[in-house]
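Listed next: structures, encoded as C-alpha cells.
One chain, subunit A, links the two complexes that follow: it is found with subunit B in the first and with subunit C in the second.
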Partner chain A sequence: MRKSLLALAAGLLLAGSVSAASAADKLKVGFVYLGPIGDLGWTYQHDLGRQALVKELGDKIETTYLENVPEGPDSERAIEQLVRAGNKLIFTTSFGYMDPTLKVAKKYPNVHFEHATGYKRNPNMSTYSAKWYQGRYIQGLIAAKMSKSGVLGYIGSFPIPEVVSGINATILAAQTINPNIKVKIIWANTWFDPGKEADAAKALIDQGADVIMQHTDSPAAMQIASERGKLAFGQDSEMIQFGPKAQLTSIINNWGPYYIERVKAELAGTWKSEDTWGGLDSRMFTMAPYTNMPDDVKKMAEDAQAAITAGKLHPFKCPIVGQDGKPVECKGGAHLDDGQILGMNFYVKGIDDKLPGK
Partner chain B sequence: MELVEAIILAVLAASTPLLIAATGELVAERSGVLNLGVEGMMIVGAACGFAGAWLTGSIFIGALFGIVAGTLMSLVFALMALGLAVNQVATGLALTILGVGLSGLIGAGFVGERITPAVQLVIPGLTNVPLIGRVLFGENGFVYFSIALIVAVWWFLYRTRAGLILRACGDNHASAHALGYPVLRIRTLAVMFGGACAGLAGAYLPLAYTPFFIPGMTAGRGWIALALVVFSSWRPGRLVVGAYLFGAVTILQLHAQGWGVGIPSQFMSALPYLATVIVLVLLSRARTGGSTAPAALGTVFVPDR
Partner chain C sequence: MQLVLEKRAERSGTIALVSPLIAIGLTIVTMVILFAILGKNPLLALHAYFIAPLTDGYSLQEIAVKATPLVMIAIGLSLCYLANAWNIGAEGQFLIGAVAGSWIAVKTQGTDAGAWVLPAMLVLAAAAGALYALIPAICKVKFGASEILTSLMLVYVADLFLDYLVRGPWRDPHGFNFPTTAEFDPVATVPLLIEGGRLHLGSTIALLVVAAAAILLGRTIKGFEIRVVGAAPRAARFGGFNANQLIILTFAVSGALAGLAGIIEVAGPVGHLQPGISPGYGFTAIIVAFLGRLNPLGILVAGLFLALTFIGGEQAQIAMKIPLDVTKVFQGILLFYVLACDSLILYRFKLVFPNRKVVARGAG
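Here is the complex of A and B:
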C-alpha cells in the first residue's frame, strides 16, 4: 500500500506549474522545462533563451512555459496540454521528452515541435543540440595544466553518449599536456540532487582529485571545491558566484539566438524540420571568462577556443585509441564523424574505469 | 586514515537530515497520524531557513525559521486531516505538492545567493585527534542536535506517562478517548512536532549541507525519511541505525565508484534502497507474527461528543 501511495505521490507531482497570458492573433510558442526555472543550470538557461525571444519578438508572439515536467511518458500530457492551449511552435527541452514529443507531433501534424538533444525527427519535429564536447576539450587542457596531483574528478549524470563524449574529450585534451593524467569518474545517476552532487565532489576530493568537473546541474560541486580550496568547472551556467576562487571556466548554454531564428522562420512560414548541432562557431554555447589560472594557461585556452571555433582543431581528431587498445574507425576523414560522437558509447585509452553497462 | 575520517564525516552529514525528519514523522505516526507531506514540509523549511539566515546573517535564526515554517505547514495538515477528518493520505500528498510550489515562490528571490554555512565545533586538543577528533568534536550543531533529539524522543516514548498516552492514541484511539484523553489534541501536537522536525531537516540542507537555495533541493529526502520510519518498525533505536546505514551506503557507493570497483554505477546507486529492503525483510522474518505498525495508523478519528 505504502509503495503504491508513493508512486501516486510522484504522479501527482508531475502536474507542474503553468504560466500564460492571453492575446488574440499572436503566434503562441510553448516551452516544456525539466527543472524549475530557478535551477541556475539547464532549465534556467533555456528560460533565458525564452526571455531573449520575448525581448526580440514580444510584439508578435506570446510564450508559455511548463516547468518541473519529469521525463518519460507523463510528459506527453504536458506537451499535449500546450497544443490544446493553441501553441503552434513547442520547444521540449530535455532528452527524455523525445518519444512523447514524437508521439504528440504525429497526432498534431499542423503544430511544429523542437526537441532538444534528441535524435528522432518528423516532418513537423526538429531537433537541436550543442557540441559541448568542444568546451570539454578546452576544460581538459586547462585541467591538466592546473592539476598538481594529476588526478581529475568527474561527476557524471547518466552514461549516455553526450556525457561519455564529454569525458573522452576532456581526457584526450588532458593527455596532450600530461600523458599520465588520471580521471576518477563518479556517476550520480541523477541530473539534479545538490546533496548527492556535493557528496560525490567530496568523495572525489578525498580520493585525491584536485580539479572537479561535472555533468550534473546544480552548483553544489563548485561550492564544495571552493570550500576545500580546490578548482572546478561550472556546468550549463555561470557559477562563479559559488566559487569565486575555484571556477576556472564554465560551459554556458546560449539558446536565445536559436529560439529567435526558429520563431522568425515560423512567423515567415519558412519553418521546416531540421537537425541543428551548434558548436562554438554558432555560439550555441559560450565559455565563461577564464579565471583563477596563470596567464599562459589562459592564453592556451583562448587559443584552443579560437582554433576550435575556426574549425582548425577537432577534439576527436584521429587516431583515437579505445580502452581496449584498438584504434577507433575514423569515419569522418581526419576526425570522428558526427554520428560516432552522437552515439559514443566507449571510453578512450587512459581511462581506467569501466563504462557502466559495457 | 584521513580517508576513513572523511568518509565518516560525509556519512554523518548525509544522514543527519534523514534522521531529523524521520524522528518527527516517527512521533506523528506513533500517535496514529500518517503524514505523507514530509517532503513538502522539508522543502518549505529549506526555503524559509535559507531566507531567515540570509536576512539575519544567523544560522540559528535560519534554523528557527525552518522550524516555524515546518510547523505552520503541519498545522495546515492538522486542520484538514484531524480537524475536518479528511483522508490523511490525500492530505499529506496535497501538502507535498503545496510545499514544492510554495518553496519555489518563497525562495525565488534567494536563488543564486550565498551564505556562510553553519560553523563546526572546535575544541582545542580534542578536535585535532586523528580519526575520531573531527567526527566526535568537529561537527556542526545540527548533527549533535539530531542525536540529542532521537534520545529525547526515545526517553519520551518509553519512559514518560505522556509518551505512553501518545502511543495509546496511536494504537487504539477509541480506548484512549474512552479513558478521557484528548486524542485529537495529542495528535495535533504530535503532527506539529513532526512538522517542526521536517522544517529543521529541510533548513539543514541550505544552512549546513550545500549553503545555497535551489528549488527542489530536498530531492526526495522527505520520502526516504518516511520509508525509514517503516524500516525502523516505529522504534527510535532502529531509526538511528537505518538513517546511518542509508547514509553510509550512499557515500560508500560514491567512493567505490571513484576507486573503480567495476560494479555498474546504476546498481551502486540502487544499493541504499536495496539495503533498506533487505533489512526490512530480515526484520519482519525475525518477528513473531503481527505488524509493529501503530494499530490506528492513518485512520480517521471523530470523537462522539
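Here is the complex of A and C:
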C-alpha cells in the first residue's frame, strides 16, 4: 500500500514537471464558449475558427477551450482559470461575458482579452463582431420573393441591438419587394435551446409564416421548417443538412481569419486593443449557397451581396421611417452611422409588433 | 444460489459512516477506468480534479464562493426534508430573494444612500424568500396540495418575473437594451474578505447558518420536534407535536435561507441582477442536502466537495482537455454510488441457497 502511494506521488511529480516544461515556449491561447462545441451553430463556428488557428500556427501556440460556460458568476471564474493556467490571449465568445471579461482584464493587465459582440473595451481588451445585418438584408430580399403568404416568421433571442438591427434590415429589404410584407416575431429569450427554438418555429408556422428566420443558435427551427414543408434561413453555420429542401441560404460565421490575425499580432508583439466590426467585405461571415429558389431570385441575391460587399448598397440607407411614423435622424449622411446601428433600439415602420421593454 | 437484499433489523451505524467513503472509492475506481478509456492519464486527471484545486489559495477561495449558496440553501432544505416537507422550489425562492434585495439596490442607485442599504437588502431578501416558500406550504396545509408540485412550479414563475424586471422596468438605461440592471453601488455590494480575491462575507454567513442549524437540531426542542415529525409522524401526533405548523415553519426557514443566498450571490460575485444568476443552485442543493445526509456539518462538507468537483472539472478541462461532459458524468456517478451505498445502511446482501429450504424474502 505504502509503495503504491509513493509510486503515485512520484508519478504525479514527474508528470507535473514534464507538462510544465513542454508548454513553456508556446503561446497559450484560451477560448470561452457559451454552448457545447457540438451545437452546430454559434459555438461550433468559433471552434472551427480555433481549429483553423491551430492548423495555421499550431507549432507556435497551444489552445485551450472551456465549453458550456454560463453567462453568470461562473464565467468570471472560467476566464480567470484560463489566465492562471498561463493563457496570454483569451477570446470570450458571448455577449454575456462582457462584464466578467472586463473585471478579469483589469485584474491582469499583462494578459490580452478579446470579447465577441460587446461594447466595453480596455487597453488590454478588444472587441470583435460582424455586420450580420448585411446578411439579413439579403435574406429579407429573398424572403419577400419566396413567401406566398407574405408573412415572415422571426425567432429572436434577446431584444438587443444586434438582433433588432437584423430584424429591421430584413424588413427594410423585404419592403422593397413587397411593401405589405408582415413579420411575426417570437422572443425565445435564449441563445441556445433547441426545444424552445422548435416550439417557436411551430408557433410561427401556425400563425401563417412560410419563411422562418432565426437569431438563435441551433438548427431546430430549420428542422421544423423542413418537416412542415416551409422555407427557412440557417444561422451561424451551414444548416443545409437539416433542411435540404428548406434552406434558402445561411449566414455562416467565419472567425478563423480573425483569430489567426490577432494571434499573429500577439506573437509579433503588436497586439493592440481594437474594435473590429467585420462586414461581408472582410469575410468575417459568408453567405451559404443560395438554394431552393428560382434563378432570378438567386441572381437578385447574388447582386445584392456583391453590391453590399463593394460598399455600393447600405442596408440602412436613408430615409428610414421609425415605427412611430417619424423619420429617423440620419447621422451617417446617406445612411445610419455605425453608432446608430450598434445601439439600435427601435423598430422601423411596417413591423406590426412592439419592441419588448419599449 | 441467489444474492438477495435483506432488510436489517436496525440501521447499521458503521455502514452509515463508511458508506460515503465506499461511494467515493467506487467513484474513483470508475473514473480511473473512464479516464483510461478516454486515453487520459488517470492519475493526472484525478490530481487535476481533487488535489490541484486544494493546493492554491485562489482555487480554495473559488471553492468557498461556489459552495456558499449551495450550503445555505441545502441547510434550509434539510430542515424541510427532516420534517417530511418536500420543498423542491428552492431555486424559485433563491430568485425571489435576489429580486427583492435588488429592488433596494436599484431604487437607491446613485443616491449615495448610507450603510443601511446592504443589511436592508439581506433582510428583505430573506423575508421575500420565506413568503414565497409559504405559498406551497399553506396550500399544502389548507388544501392538501402537493408541495412538491406547487413549489416546483413556482420556480418558473419566479424565473419569468425576474426576466420581466430586467427586460423592462429595471433595465440598465445605458445597457443598450441588454437584459440586466446597472452594476450595484458599493454600498449595495457584499464586501470582499480578501483584497483582490472573490471570497466574500456571504461565506461567513453560510458558516453561521451551519452552526445555527447544528445547534437547532442538536440542542433544542424545536429541532427534536422536526426530527420526530419526520421520522415517526404517529408518535409525533401522540406527543402533541403539530406537523402542519412544522411544515409552515420549515418551509419559511428554508425559503428565507434560499432568498438570502440569492441576494448574496447577486450583490456579491455577480454585482447586478440579470437572468441566469443561478446555474441551478436550488436544485443542486437538493443533492447537497442528501449527500450531507441532512446533517448540517455533513452538508457543509458535501457542499465544499461538490464545489471542488466543479472547480476541479474546470481545471481538468484546461490542463488535460477533458470535456465538460466528463465532469457531469462524474457528478452523476458519485450521486449514484452514494444512493446505492446508502441502501446498505438499511439492507444487507445475503447469499441464499435454495436447496437448504431457506425462504428467500423479497428475492427475485
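Definition applied: the second predicted complex is superposed on the first by the 336 of 358 C-alpha atoms of A that agree within 3 Å, B and C clash if a C-alpha of one lies under 4 Å from a C-alpha of the other, contacts with A are read in each partner's own complex, and residues count from 1 in each chain.
Throughout what follows, a residue touches a chain if its C-beta (ideal position, glycine included) is under 8 Å from a C-beta of that chain, and two chains touch if they have at least 3 such contacts.
As the structure is a computational prediction, the values presented were derived from the model and not from experiment.
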*Fit-or-clash call for subunit B and subunit C when the two complexes are aligned on subunit A*: clash
*asked:* Looking at A:Pro159, would you say it contacts subunit B, subunit C, both, or neither? Reply first, second, both or neither.
replied: both
_A:Asp206 in the overlay: touching subunit B, subunit C, both, or neither? Say first, second, both or neither._
first
*After superposition on the shared chain, which partner residues are touched by A:Asn68: those of subunit B (first), subunit C (second), both, or neither?*
both
_First (subunit B), second (subunit C), both or neither touched by A:Asp39_ = first
*Touched partner set for A:Lys107, first subunit B, second subunit C, both or neither*: second
*Should A:Ala310 be classified as contacting the first partner (subunit B), the second (subunit C), both, or neither?*
neither
*Figure out whether A:Pro356 sits in contact with subunit B (first) or subunit C (second), or with both, or with neither.*
both
*First, second, both or neither for A:Asn189, with subunit B first and subunit C second*: both
*asked:* Can you tell me which of the listed subunit C stretches (146-154, 200-208, 254-262 or 272-280) runs into subunit B once everything is aligned on A?
replied: 146-154
*What part of subunit A is shared between its subunit B contacts and its subunit C contacts?*
8, 12, 15, 36, 68, 159, 189, 356-357
*Interface residues, subunit A side, partner subunit C - complex*: 8, 11-12, 15-16, 19, 30, 36, 64-68, 70-74, 76-78, 80-82, 84-85, 95-96, 99, 107, 119, 158-161, 164, 189, 342-343, 345, 356-357
_Partner subunit A, residues of subunit B touching it in the complex_ = 2-3, 6-7, 10, 13-14, 17, 36, 89, 93, 96-97, 100-101, 104, 107-108, 111-112, 114, 205, 209-212, 214-217, 219-221, 223, 226, 230, 250-251, 254-255, 257-260, 262, 264-266, 268-269
*Enumerate the contact residues on subunit C facing subunit A in the complex.*
41, 43-44, 47, 51, 58, 62, 65-66, 163, 167-168, 171, 176-179, 183, 196, 198, 265, 269-272, 274-279, 311, 314-315, 317-319, 321, 323-324
*Name, in rising order, each residue of subunit A that touches subunit B in their complex.*
2, 5-6, 8-9, 12-13, 15, 17, 35-36, 38-40, 68, 153, 159, 184-190, 192-196, 198-200, 202-204, 206-207, 218-220, 223-224, 241-242, 352-354, 356-357
